[in-house]
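Each of the two complexes below includes chain A, the first together with chain B, the second together with chain C.
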Partner chain A sequence: MSADGDAPTSVGLSSPRIDGAEKAGGKAKYADDLSAPDMLYGAIATSPIPAGRILGYDLSEARAVPGVVAVLTAEDLPQRRVGSFVKDETTLARGRVRYVGEPVAAVAAETREAAELAAQLVLVDYEETPAVCSLDEALAADAPRVHPEQADYARQGDAAAEGNVFWSAEIVEGDPDAAWAECDVVVEEVYETPAQYHAYMEPCSALVEPDLGGRFTVRSAAQSIFYLQGRISEELDLPMARIRCVAPRIGGGFGGKNGVNVQPIAVALARVAERPVKITLSRSQDIEMLRSRHPARIRMKTGAKADGTLVAREAELWFDAGAYVDESPAVMSFGLLCSRGPYRCPNVRVRGHAVYTNKLKAGSFRGFGNPQATFASESQLDALARRLGLDGLALRRRNAMAPGDHWLGGQRVDACAMRECLDALEARMAAEVPALPPPEEGWARGVGVSGLSHISGLMGTSAAVNLRSDGTVALSTGVVDIGQGSDTVLPQICAEALRLPPEAVAYAAQDTDSSPYNWKTAASRITYTAGRAVMQATVEMRQRILEHAAELLECGVGDLELAPGGAVRIAGSDRSVSFREVAARAFNRIGGPIMGQHAFAFDGPRFDPKRAAMSNFAFDNLGVYVFGAVGLVADVDRETGKIVVQKVWSAHDIGRAVNPQSAEGQVQGAVVQGLGYALLEELIWEDGRLANPSFMDYKIPDGLDAPAAITPILVEDAPEETGPFGAKGVGEAGIVGVAPALANAVADAVGVRLTRIPMTSERVLDAIEGRASEAPASRTA
Partner chain B sequence: MDHAMRFAEPDSIEEVLSLLAADPEARCLAGGATLVAMMNAGLTAPSLLVSLRKLPGLASIDPQADGAVRVGAMARHATVAAHDGFAGAQAILAAAARRIGHPAIRTMGTIGGSISHADPSADYPTAITAADAVVEIAGPEGARAVPADEFFVDWLETALAPGEIVTGVVVPPDATDAAVHYEKFTRADGDFATVAAAACVALAEDGAVAALRVAAGGVAPTPIRRREAEAALIGRPLTEDGLAALGAALADLSDPIDDMRGSADYRRRLLPRIVGRAVRRAAAAFTARSGARSGTGPQAGGVA
Partner chain C sequence: MTAELDEDALVPLRVTVNGRAQALACGGGETLLTLLRERLGLTGAKRGCNQGLCGACTVLLDGQPVRACLTVAATCADRRVETAEGLLRGARLSPVQQALVDGGAVQCGFCTPGMTMALTALLRAEPRPDAARVREALSGHLCRCTGYVKIVEAALAAAEAQAQKGADGAAAGDADARAEGAAP
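So, the complex of A and B:
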C-alpha cells in the first residue's frame, strides 16, 4: 500500500498499560483516596433479619451521637421503586426488609467512627416474617412470598411470573421430544453451582460533592458513569442535568459494579447535609450488602449418536436471584442462550427460571450466566465422550460450530474459530503435557478440557476525536476502565487508524458532563463496540484531514495516503504535510480542530424466529460470538481430596489482539477467577445469614494457589469483519470453561465426577470415598 | 456512651502490669494482627491498649546455657522462621512459623500474641506443644512458668490469669537431635490450618525410632498429644501400622468442630493422614540429614 509497508504503528503491539506504573506504584487514586473540604462520612445501617416488616424507627440515639449531621430512612426519600426489568427496589428498604445486609438507614457524620456508631444505634422495629433462603424453600408449593406486592410492580413483559419465580423463559429448536428416539446414548444429570463473590480489590466507595447550583458530582467505583447517572436520577427524582458522574481509577469490577451500589445513598445524604459525603464499605459490608454470582441448579440431558454427533439437548435452569430482580432476567436468559454451547445440535429445549429468595441479590458477574450453563454442558459432553469411548476433544471437534452456522436462537455466526481453537489447544497440550514432572506419590493426575464461548457486544456507545493544533490527537469516550485496559487499548485503535504511535493519542478521563455516551463496561464489549465507535470516529476525522491536506498539497484526496508518525503524503512521492500543518490550517480556516464522532449500536445478525421459538427472552439484539477451548492438568491427592492444578492452556478466538499482553492478562486473570469458582469460592448462608462474609472464611486463590503456568493462546484466524482491525472481546471468555475442564480432569484422575462446585478438598474426598458429604454448605433451620 | 479508647506504650514490665491490673477492660497489644482485626470487626472494644513494643529484651531470641532457646514474646513470626540457632526438635518452631499466614502477617504477628490468643488452628500452639516448650509468664503475683501442655486450656483460653502476660517461650534442648516436619493442610495459601501436625523424629542407626513427639492442631479446643502412643513406637522401625495406631490414638482424643474450613467428619478423617505425613517426612528429613553428615546414616527413613 505504501513505501513503508503496512507495519502497524500501534495495534498488535503490547504497549504498556497507561495506568500500570501508577497502580503498581500505589499512586493511583481510587474513590476512597479522594476527599473534599468539609466532607462528611456516610455509614449504612442494614437489616439483621432475612425477612420482616418494618413497623417503625427510633432514630433518637443515632441522632444524639456527637458529630452526626443527618440520619435518613426510606421515609425521607422519594417513594419510588426502580429496576431495569422489574421495578422492585428502593434506595433504602421501605416497609419490608428482604435480606440480611439490606440498607435500611443511612447516616452522615463528621467522622467515620461517629457515622458507624450512629448506624449501629439506628433502632428499627421489625416484625419478622418467614423467609425463603434456598431454591427449594422458594419453590415449595406454600412458600412465603419474598415480594407479596409483586403483582403491583411495573415490569417489562409478562414473563410468566408465578410465586417466587419472577421470570421464566424458553428457547426451542427442532423437535426435542421426538429426537430422543434417534439417540444411541443419553446422559442426564443435575449440576449445582455456588454464589461467588466478585472479590474486586476495591470495596465499593463513592464521594459526592454538592454545589450551590444544586448539582452533585459523584466520583465512585462504577462500571458506567452514564448508567449510574440515570439510576441516581430515577431513584432520587433528580434530573440528570443535576448529576455529574466522574470515573476515578476503579479497582476491579467483574460485573459487581455494573449496577449502582452506595452512590444514591451518598447523594441522598449530601443533599440533606448540603456537604460532601463519602461512603466506603468495609469488605464484610461489601460482601453482605451488594451482589454475588447467581447460585444455580441445572438439570441437563444430552443425546448423541454412537459416533458422537449431538442430536438433542434439554435443560432446565433455576437461577437463585436473591431478594431483588436487578439484572437476573438478562443473566438467566443469557445462561439459556449458552446452554447448547458452541456446538451444532438440531433439537434443543432449554427453560430457565429466575427465583426470588431472601438473600443477597445476584447480579452480573464475569460470564453472566454462562459459567453455570457451561459447567453443566461441558461436564455432560465429557460424560458422553466417556460413555461412547471417544476422546473429549474429538467429540467437541465433531460438533463444533463453523462460520455460517447459527447460534441457539438462530443468530448467524460469521466469524468463528472454534475448530482452530480446539486444534491449537490440542497441539500445545500434546507437546507440553508429557513434559510435566510426574505427580507426587499418592496423587493421581488427570487431564481435562472444555470448549467455551461468549458474547461480545450489546447496547450503544460512541466516541469523539479531534486533532490538536500540534498534530496530536484527543480521544474521548464514555468507557470506564475498571482494570481491563480500555484506557490503553482504545487509544491504540485510534492511533493505528491514523498510523500514529499510541502515545500520540491523549485519552480523556470519563465525565458525564463531557464524555460521549457509553452504556457499560460489561459483556466483553468495549474493544469490540467502543473500539468500533473509536475506529469510525477516527476514520471520519481522517477523511477531513485528507481533505485539508489535499488543498495544501494541491492534489485530489484520492492521491493521498497516510505516512506513519503523523503526516499525509502524495502516494509514491515524497511530497507531504504533517498533521501539525494540517491542524494549523484547520484552526485558521474553520476556527477549531478537525473532529470526528460516531455513535453505534450492534447491527449484526439477529435471532431468527423461523429457526427458534423463544419466549420471554430478556434480550433483543446481542453482538458477535467468541469461541475458545481450555485444557488443564490437575493432580488429586487421594488421601485429602486436595486438587492442585499444574498447568492451564486457554485458547481464544479473539479476532485480532489489539494489545496481546493485555489480552493475555485478561485470560490469565479469568482462569484464576475460574479456578476460585471451581475449587474454593462459595458464599454460605446459615439460616439466612452469610456465614463467611470475610476473606478469613471466604477464600480466593492467591499467587501461590494459582498454577505455575497459565498459557493463553490467542487465535487470530477468524478476524471479525465488523470489529476494529478484526478484534472482538476476550474479557469474560476465559472464566467460562475452567470449572468443567477441572471437573473433567478430576473424573480423569480418580474416576469420579463432581456435579457440584466448588470442588473443595472435602467434597472431592467424599466423592472418592463414596460417602455423603458433610462439607460446609448453605443450610436452613 | 464513652467509646474513646486509650493507648499506652510503657517501657517497663512493671508499668505494663500495673496498667493491666488497674483496668480489667485493658488488653495488651503485640503485633496487632489478630487484636486489631477483631476490633475492626466489632468483636472486641478494649478501653485501653497497652503496647508491648517498647519492653526491653522481649523481641529477641536467646540461647541459654543449657542448650535451651528462649524466644521472646515479641519475636515476630518472620524472625523465628529465619532463626538458625534452633537444634533438633527446637526447629519445629521455625518450621511452623514459616507456614503462618502471608509475609505481611509474618512480619507483624508475634509468638506471644499467637499463643495468648490460643486459636487451636494456629500454628505455634501445636509447634510448642510438640517441642515441650515452657511458657514464661509475668503477672501481678510475680513470674511463673507453665508447660505448653498446661498452657492451652480450652478454645481461645489459656492458663493466663487476669493481668498476666506472656514474656517468652523457652524451648528445651533436644538431646536426641530430632529432625522436624510441620505438615499443614489448608484450603488455600495463607489460611489457618484445617488440620496440622508437628512431628519431631530421631532414628537409631538401625532405623528404629529413637525419639518421637507429635502434636496435632485444628482438631480439638487445644493442640493434642498422645505421649503413650508416641512411646509405643519407640525402639521399632516406623511402620504404616505404627503410624495408624498413633493416628487412631490422636483421633480418639480429638474433638473437632464444623466450620468454613471443613466439617468435623472431614477433620477426623484427615487427622491420621496428616499425622502420618508429618512423621514420615520428619523421618525422611532425619535420614537425609544423617546421610549428609556421615555419608552413610541409618537405612530406614521411609516406612518399612
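So, the complex of A and C:
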C-alpha cells in the first residue's frame, strides 16, 4: 500500500490503547459513572416464579413509597411483541412470566433505595403453571409449553416449530448414510456443555435523558448504538429520530451486551417521568435477568479410515435457549455450521434444534454456538486418534482444510493457515513442554490439543474520514469499543493508509446522531469489516489528496507518492507538499475538508446450496474464516480430581496483526474465559430458580486460578486479501478450542474422557473411579 | 422504622481523600464506595458486584487496600483514602498506571482502577515482588478481558521501572520518585 519501502507507520505496531490512560487513571466514564441533574433512579421488579399467568397487579404499596415518581407494567407500554427471528418478547412481561428474573414492572424514584424498595413492593397476582427447566423436561412428549401462544407469533422463515422446539435446521453433504460402510473406525458419544454467564465486569446500566422536544438520549452498556436505537424504537413505538444513542465506555460484553438489556425500560420510565432515569443492575439481577451461553447437548458420530482420513460425521445438537428466542436461531445455526470443524470430511449430516425452557434467555456469547460444537468435535477427534493409535496433531493435519477448500455449507475459503497453525503449535510445544518442571507427587500430567476455527464478518458497517485544516485526520465509525480495542485499531488502519503515526488520527466517539452506521461489535467482525470500511474510506480520501497535490505540484497524480508523516511528494524527488497545504487548498476550493466514506457488507464467497442441502438456516451470508490450534499441559490430582493447567499455547491465523499486543490480549483473555468454561463455570437451577447468581457461588477464574503462562502465537502466513492490510478477526477464536484441549489433556493424563463440562473435581474424580457422575445442572423437586 | 431513620440521618465525616481534607456528611450505613462515587464524584472505584467479591472498588485506606463497597464510610473518619484518580499528578499517570497502559493490560478497563490500587499498595510494601506475589496480591480481583498475563507482566515492569527510577532519583536527590514510591 505504501508508495515506498519504508517501515510501517502504524499497522503492526503495538500502540498503547488510546483509552488506556483515562481508564487506568479512573477518569473513564461508564454508564453508571454518569448522572444528570434531576435524575431519578430506576429499579426493576422481576418474576419470582419460572412460569405462570399474571392475573393482576397491586401497585398501591409501591406508589406509596416516598420519592416514587413512576411505576410501570406491561399495561402501560405499547401492545407489541418484538424479536429478530421470532416476535415473542415484550419489554415487561405481558400476561405470563416465563423465567425467574424476568422483568415484570419498573419503578422510578428520587433515590436508589426508594426505587428498590418500591420494586419489592410491586404485588403481582400470579397463577403458577408447570415449568420446564431442562432440555429433558422441555422435550418430553407431554411437556408444558413455554409459549402456548407460539403459533400466533410473527416469525422469520418457516423453520417448523414443534412443542417447545422453536427452530430446527439441517445441513447435509455427500452421502452420510452410505459412508459409514467405508469407515474402519467409528466413534459416537453424547457431549454436554453448561450455561456460562458472560461476567463482564460492568453490570448492565443505562442513563436516559429526555429533552423538552421529546427526544431521549441513551448512554448505556451496549455493543451497538444502532441496533439499540432500532430496538428501542420497535419496543416503545418511538421513531428513531427521537432516540439518540451514545456510547460511553463499556466494561466488557462478550456477547452479553449484544441485545438490549435495561435500555427500553429506562426510556419508558423517562418518558413517563419526564426526567432523566438511570438504571444500574445489581450483579445478581444482571445474572438472573439477562443472558447466558446456550447449554447444549450434542450427539456426535465420526467415522474414519485406518490412516485417520475422515469419512463421515453426523451430529444432532440441542440448544437450550431459555424463555425467549432472542438470537438463538443464529447461534444454533452457527453451531451447526461449525460441527464439521476446520477439516475435510465429504459426508456430513448435522441437525440442530433450539428449545424453549423456563430459564433466562441464552444469547450470543463469545464463540456463538461454536464452543459447544467444537467441544464435541475436537473431543471426538481425540478419541478417534487414540482408537487408531495416531498422534492427535497428525490426525488433524491430515484432515485440515487448505486454501480453496469449502466450509460446511459450501462457502469457499480462500485464506486459511490451519496447517501453519498446527505446525507452529507443534513446534512451540515440542520445545517447551519437556522444559516444564515435572508434576507433583500423586498428580498425572496430560497434554491436549484442539484445532479451532471461527468466522470474522457478518452484516454492514461504514466509515467516514476527513482531512482537517491543519492536515490531521478525523475518523468516524459507528463501532463501539467494548474493551476489545477498536478505538485504537481502526485509527491505526486509517493512519497506515496515509503513512501517518496513529496519533495523527483523531477518532470520534460513537453517537447515532453523527456516526456512520455499524451493526454490532460482534462476530469477530470489527477489524475485518469495519477495518475494510475504514481502509476504503481512507483510500478514497487519499486519492483526492493526491489530486489536490498534483495541481499544487503541477504534475500528474501518477507521479506522486505519500511520504511518511503527512506529506505528498513527487516520487524520487524532494519536491513535496504537506497535508496541511493540501487541506488549506481544499478549504478554499471546495469549501471544506477533503473527505472519504465507504459502506460495506461482506461480498465474498457464499454458501453453496447445490453442494450442501441446507434447510432453515438463519444466515445467508457470513464472512471470512479464521483458523487456529490450541495446546495445553494440565496436571490432574488422582486423589481429588483437581485439574491445574500449567501452560497454554494458542496459535491463530490472524492474517495480519494490526496491533500485536492487543491481539495477544484478546487471545489470552479468551483462553482464560475458555478455562472457566471448561473447569469452573456453570449456572445451576434448582426448582426453576438460579442457585448461584453471584460471584460468591458462580466462580470465574481469578489470577490464581488462571495459568501463569499463556503463549499466543500469531500466524501471519495467510493474509486475507480482502482484509485491511491482510487482517482478519481474533476476538472469539481463542475460546473455541480450550475446553476440548483440556478434556483431551485429562484423557491423556488419567485415561478417562469427560464428555461433560465444566470438569469439576467431583466429575473428574467420578470419572477416574469409574462412577457415573451426575450432579445435574438443573434439578427439579 | 427508627433504625431506618437513623440509617438515613446524615452524620458529619472528616476524611482525607486523595490528599485533600474534606468535611462531609454521610448516611450512617453508607459505604465508602457510595460516598466516593455519589458524594464526591470520584467514579474511578467501580461497583462491579457490591459484595466484596470482584475487587473493582478497591481503594487504599491509610495505605491498605480495602473493598470500598464493604467499608462503612463513617469508619473512615480522620483516615486517608486514596483512589485511582489520586495517583495522578495532573495528567501524568503513576508508574503503576503507566505500566498497565504500556503493557497492554487495560482492555475494557473496568477492573483497572481496583487492580491499580492493589498493585500500588503491593509495590509500596514490597518494591520487588515476583510474579507469584503479584498474583497473590491480585487474588480476588476479577478481570474478564485480559487473562491476567499482561497485568502481572505490567506490575513487574512497574516494579522494575520504579527500582530504576529510585536508583536514579536517589543519585539525583529526586523527591518526586520518593513521593510516588512511598506513602505520603
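Side notes on the structure shown:
Heads up, the rule we're going with is that the second predicted complex is superposed on the first by the 773 of 781 C-alpha atoms of A that agree within 3 Å, B and C clash if a C-alpha of one lies under 4 Å from a C-alpha of the other, contacts with A are read in each partner's own complex, and residues count from 1 in each chain.
We adopt the following convention: a contact is a pair of C-beta atoms (placed from the backbone, for glycine too) under 8 Å apart; a residue touches a chain by one contact, two chains touch by 3 or more.
It should be emphasised that the depicted structure is a prediction, and the values quoted were computed from it without experimental measurement.
The partner that reaches more residues of chain A, of the two candidates chain B and chain C, is C. Using the contact criterion defined above for the overlaid structures, shared-chain residue A:Asp511 touches neither chain B nor chain C, since it reaches no partner. Once the two complexes are laid over each other on the shared chain, residue contacts for A:Thr640 go to chain B alone; chain C is not touched. Of the two partner chains placed by the overlay, only chain B lies in contact with A:Thr760; chain C stays clear of it. Shared-chain residue A:Val671: touches chain C; no touch with chain B. Contacts of A:Gln484 after superposition on the shared chain: chain C is touched, whereas chain B is not.
Shared-chain residue A:Leu704: touches chain B and chain C both. Contacts of A:Ile684 after superposition: chain B is touched, whereas chain C is not reached. Residue overlap on chain A between its contacts with chain B in one complex and with chain C in the other: 282, 694, 700, 702-704. Every residue of chain B that touches chain A in the complex is listed here, in rising order: 1, 3, 40-41, 102, 185, 187-191, 194, 258-266, 269-270, 273-274, 277. Note for the complex: chain A touches chain C at residues 14, 16-17, 19-21, 23-30, 32-33, 198-203, 249-252, 254, 280, 282-283, 482-485, 661-662, 664-665, 668-673, 694-696, 700, 702-704, 706, 708-710.
Interface of chain C with chain A (complex): residues 37, 42-51, 53-54, 56, 83-85, 87-88, 91, 93, 97-98, 100-102, 104-113, 116, 131, 134-136, 138-152. Only residues 113, 117, 282, 284, 639-640, 642, 680, 684, 691-692, 694, 697-705, 760-762, 765-766, 774-776 of chain A touch chain B when the two sit together in their complex.
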